[in-house]
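I've put the structures underneath this note.
Across the two complexes that follow, chain A remains constant while its partner is chain B and subsequently chain C.
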Partner chain A sequence: MVYLIFILYPVIQAVWMGFYERDLLSLDRQEFIGVDNYVEMFWGDGLVWKAGTMWPWRIIGLLGIIPAVVAFRRGRLRAGSLVAIIIGLIAVFGVIMGIHPGEGGRWNDSQFWPSFGNTLVFVIMSTPVIVGVGLAMALALNRPGRLVGVLRTLFFAPYVLSVSVLTLIWAFLLSPQLGLIGAFWRSIGLEPVSWLTDPSLAMPTIVALTLWWTVGFNVVLFLAGLQDIDESQYEAASLDGANGWQRFRHITVPGLRRTLLLITVLQIIASFQIFGQVFILTRGGPNGATRVSIQHIYEAAFRDAQLGYASAMSVFLFVVMVGVSALQFNFMGGDNR
Partner chain B sequence: MTSSYNPKTTNSPWPLLLMLLAVLSLVAAACGGDDDSDDAASEETEAAEEAGAEAEAEAEEAEEAADSEEEMADEGSGDDIVLAFARFFGDCEEDVAGVTDVNQATTECEVIQIIENAFNAEDNGIRVEKIGGQAWGDYYTQLTTAFAGGELPNVGVMHQHRLPDFAGRGLLMPLDDAFANSSVIDFDDYTAPAQAAAQLDGTTYALPFDIHASLWHVNVDLFEAAGLTDGDGNPIAATSPEELIEQCEAIEAATEAQCFGHDWFEFGVGARLFLGLVQQQGGSLTDDSGAATPNTPEGQEALAVLNGLAEYSDVTQGYTDSQSAFLNGDIAILHNGTWVVDQYSREAGFNYVATNVPTLYNSPSVWGDSHMWVLPMASNEDPAVSAASVAFLEYLYENIPGWAKGTGHIAPRASVLGGDELADAPQRANYADTASSAGLVPSVEGWAGAWDALAEEVNATWITGKDQDTALADAEARMNDALG
Partner chain C sequence: MSSRPTRTIGYAILTALAAVWIIPLIWMFSLALSDNDALARDTTNLLPVQATTDNFVTLLESGRTPGWLFNSVVVTVATTVFTLILSAMAGYAFARIPFKGKRIAFPLVLAGLMVPKEAMFIPLFLIFADFEQHNTYHALVLPRIAAPLGVFIMTQFFSEIPGEFEEAAVIDGASRWTIFRRIMLPMSVPALTALGIFTFVQTWNDYLWPLVSATDPDMFTITTGLASRQGNFAQASALGDLMAQGVFASAPLLILFFIFQRQVIRGISMGSGSK
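Let's turn to the complex of A and B:
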């Protein structure tokens, strides 16, 4: 019941508001406008389709068919799911991503797709790194000892910081003129790097500080998963002459499958929701290189008071996140069905 | 703790040692950061004058605001009318607790807090209680939420550039009658930019508290070394873009210093200079119908001047970096606002002068804005409450000299500008002209979004080398999207 009130109701309300033009500052005035908000989001003037638009990304996306087929062959995927995935990938990467504004044309909302693209970039960069480093650290820390206990606490420590403290620390560290890192750079005779103002470095820098901030949480979850693996399996494997990598590959990884799935899904969802770090550190800059979807939604709702449009964008983000999570469960959770 | 561990999997000490090293460096980093977080926080407040900040604390602070309002309702059991007062400028209640002499203030925050203290110390049957106190990017989010959710302040601060968003929706109380009936407030005493700032379509919605604007903060020692001072030792003002570049050439030839500095990417300071330079040429950022028009010959010229200055600057410097480099003596001209004049007067270890942004074209003009006080309609419906709110406005009006003196902001009233209250305040005479040349941003709904788009596009020309014509065309399209 509580779940219904606090989780489901806002989602339903967001969907409902997405069909209205609604002004945050004069809530009594609202107008049903059907799918206009979605047209504003997705569409534009003078759009054309070209096979070559963003082709490297689209080919990588289409290659996603291969693991789906492999998973199907191994019996991890039902035929229906396979067909759905193939159709979905072809639709998104083969067709939809070919649409772009032609000569003189433009998107209705010139910031919607770029900010969604930046969000995807963040998700794609941050998820493997934060999950992978979390796993590596958990493996290294999965041993008894006082020092290890202290380290575990230390690694978890940044996670308790609020985003404002986090950004204050890093804004200071990263400042080319005043920061510690800039001073270090100078001390070895190099020009300090403008981490947050170089459009190609800003997003990786955000990923790095997010790693520092949140990896401790994944470490704790992985450690819990590791402790659930029966030690006798390792002993038996050692007796059979398995080396460290074989033990990891054949005991640890299968034993962690569920934990890995959980952490990956949680991480992807968390990464899609990136906002605080970029909003405070770069405000979406430089040149929009770090403007992410949530910031765009926030600005639409609270700066421009366009509540209906912001709701529609949240619904889109919600659907994408649900879709990606469902794919995850399909691929990684396959053994459990 | 031990039984389920498998010590055999990783026996080498190296991973552990490496991790230890990593941890130590991170801890060191964190401590370093923590030590400075106070500093950073105060800088934040400073920068927050013109810049936004924390999104995170929002929900929390909005709650606090709501709580304190409730508290107020409870405490209001005495005879006093309690006014909820919403503002930014920071929190310093404890630093100046009990202080009622405005001359003791050293920061914006302290000035306004002391004015509030002094008002509450008077026996006037009204008590003012502050809600919020946060950086302003955050402030408007809270204020917007307050308007949507109903937990409103009785008196609040507002910039000129945000007034149309609220007044245009009928959320603010028209004040023409209140001012006409007041024996204290003389609206005609306000300067032209201040009057324009407070009005929308001929109706007055606000009491201007100041005009704040861009200034040239000059290191005169460097100017002198480059031979750019007049007979009295004052820095010579450039009168054309070419002359400005010549000054930079001279400074860089004669000294080690960087000629020009400002925040190149954080808070849209480049867009401010852009606005001023467009208006100096007689141009405007909007046309008669209210549509955005940055992509004009005047706009192209202004953007070219900015990119010319970038050659004599360091475009990786943001607000804080450029400020500290200037105070360190490494920058000859810093473009920043009125709000830092007193701070620089205290802290600069060189011959410091704050002066008008030079007029490079036909007529003087410089970016300006105004801090103003407004009364939300819904929280002032009770005549007793609105009378109390107006009484507080009158008190604030009387304290405009104290605000101008304590902060460096320009007094918006002719009688104060011409009076002797500010005569002994540092630097004020050097930038007196800015009082009349401050060019406000257009009074149109949705300007905040349009301004952000403009700032991002002009910034792109020096950060990423984006083509200037493309940037202005994109800016125009995006600004008009925002203006709707």
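Let's turn to the complex of A and C:
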């Protein structure tokens, strides 16, 4: 019962609230407004469609069709999934991303798409970095010995800190005047960098400190996965004259496939939920460069008092996240089933 | 397995990384133990400047820090205890007791695993707002104890225990409740320890829900309280105080982690690796 009330009911409530207008300051009053919240969220005045808008991103997105086709031809993807993926990619990258406000036009909610875009940027930057570094560290640590145990503990330790301790340490560490990093920069004769106030550096910096904070979790999972690979396979391969890269490519990677899938999905889902780091460190600044979806939802609800609208945006984020993880499982786990 | 030079380079890189990982932590402890006036001149030492415990004493004697710590302890301990009880009982029921509706209830719990908590804080807020229950302990505890992951882990765990243990007890005339309490619970201590620590850490560190639900400064947890003091970084006059507060917020977890690290690490592999 408890589960129904606190986990599944909120989902239903969110979908339902998404069709209402509800004010934080007068909670008792609510008014059914149909899909207006979604119109407010997705749409705008004077929108036009142009093939050339954001074309580099859209071409990259459309290229996603190629691996899907390859996977299909290798029998890893069912025909139905292939069609769904192709239609989805063309719809999102070919059509929807071409829509933008024309001359004198504007979005109804000028913050919605940019904050969602920033969330995506964080997901796209942080996932390969945190998963890749985690894998590299796990491979380096995957040997017997006391020192390795100590290092594993060390790399995991920041994971138990709360987000406000994380921001406390790094805000000062990164501070050009007070921090260790600024001091280090000066000692090698360089001008200290204002990591968090430079719009082009702020998001990569957030990724870097998130790496420090959470990579230990992935390392532990990768190490558990590596332990399951039979040592004798490596020995046999060495006898056959396989070099390090070949052993990695043909034994480690296939052996880790499940772990890799799991970690990637967990990481993407965790990255979509980014909030605390940016909310405390930058408040979404500089100039909105790190404003993410959850912050937008939070501010819509508690600063602008639009709870119905915030619910509608929660539903959108929820659908995107479930969609991404379903797609991932389908794509990468295709041959396991 | 690998040749000597690559091995040496590997260790060199690992050592450098280890330094990057540990220095920020050492720095926090060092600043927390430093004199505030000395910090006004120089903050780039890895060892305390004019070492003193004044910062900790000040925090404990005045201000809201003791209250925030107390809130955190109450909420975290309550959440952990209730999560363990509920997960163990629900897990045992799902794994062993045939009951009506199980085929619907268990998939629903699994579906709960898919629900991203951070995307659902608005409806959760509304539920508690409708009953005017914000700024209370139970508002902070209740949503957390609905832990599908805990139920899932415990169900997995109980399914793997061989049936013979129970059969023997049934022959001796033991009731289901006795079996659960006398046989199953003692056997599940390792799993419960791991789950308990995991829940403890997650709850202590929870940020978004306490931020939304407990808006009265007296109801802040140490996590949201510490965040609330970071609004304006320009005022670095009480840097030592702030860092000491950071130490208060992280010390319980670091200590717990170092004592129970094996269980923590096992718990992580158990919780996500077994899916």
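One rule holds in what follows: the second predicted complex is superposed on the first by the 332 of 337 C-alpha atoms of A that agree within 3 Å, B and C clash if a C-alpha of one lies under 4 Å from a C-alpha of the other, contacts with A are read in each partner's own complex, and residues count from 1 in each chain.
Throughout what follows, a residue touches a chain if its C-beta (ideal position, glycine included) is under 8 Å from a C-beta of that chain, and two chains touch if they have at least 3 such contacts.
What you see is a predicted model, and the numbers here were worked out from it, not measured in a lab.
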Checklist entry - So if we stack both complexes on chain A, do chain B and chain C clash, or do they fit? => result clash
Checklist entry - Is A:156 touching the first partner chain B, the second partner chain C, both, or neither of them? => result second
Checklist entry - In the superposed arrangement, does A:124 touch chain B (first), chain C (second), both or neither? => result neither
Item to check | chain B versus chain C as contact partner of A:59, first or second or both or neither | outcome: neither
Checklist entry - When the two structures are overlaid on chain A, which partner does A:305 contact: first (chain B), second (chain C), both, or neither? => result first
Next on the checklist: In the overlaid three-chain picture, which partner chain does A:87 touch, first (chain B) or second (chain C), both, or neither?
Outcome noted: neither
Checklist entry - Now for A:285: first (chain B), second (chain C), both, or neither, which partner does it touch? => result first
Item to check | Overlapping segment of chain C (options 25-33, 97-105, 115-123 or 169-177) - the one that collides with chain B in the superposed model | outcome: 25-33
Checklist entry - Both chain B and chain C touch chain A; at which residues? => result 27, 137, 140-141, 143, 151, 154-155, 157-158, 162-165, 168-173, 175, 178, 180, 212, 234, 238, 244, 275-276, 280, 298, 302
Checklist outcome for this item: In their shared complex, chain B is touched by residues of chain A numbered 23-27, 106, 109-111, 137, 139-144, 147-148, 151, 154-155, 157-158, 162-165, 168-173, 175-178, 180, 194, 197, 199, 212, 227-229, 231, 234-235, 238, 244, 247-248, 252, 275-276, 279-280, 283-288, 298-299, 302-305
Checklist outcome for this item: Contacts from chain C onto chain A in the complex sit at residues 1-2, 6, 10, 13-14, 17-18, 20-25, 27-28, 31, 43-44, 86, 108-109, 111-112, 114-127, 129-130, 142-143, 145-146, 148, 151, 201, 204-205, 207-208, 212, 222-224, 226-227, 230, 233, 236, 239, 242-243, 245-246, 249-250, 253-254, 256-258, 261, 264-265, 268-269, 272-273, 275
Next on the checklist: So in the complex, the part of chain A that touches chain C is made up of which residues?
Outcome noted: 2-11, 13-14, 17, 22, 27, 137, 140-141, 143, 151-158, 160-165, 167-173, 175, 178-180, 183, 212, 217, 220-221, 224-225, 234, 238, 244, 259, 262, 266, 269, 272-273, 275-276, 280, 294, 297-298, 301-302, 307, 310-311, 314, 317-318, 321-322, 325
Checklist entry - chain A touches which residues of chain B in the complex? => result 1-10, 15-16, 19-20, 23, 26-27, 29-30, 32-34, 36-37, 40-41, 44, 52-57, 140-141, 144-145, 147-148, 165-166, 169-171, 264-266, 315-318, 320-321, 324-325, 446, 448-449, 452, 456, 459-460, 463-464, 466, 474, 477-478, 481-482
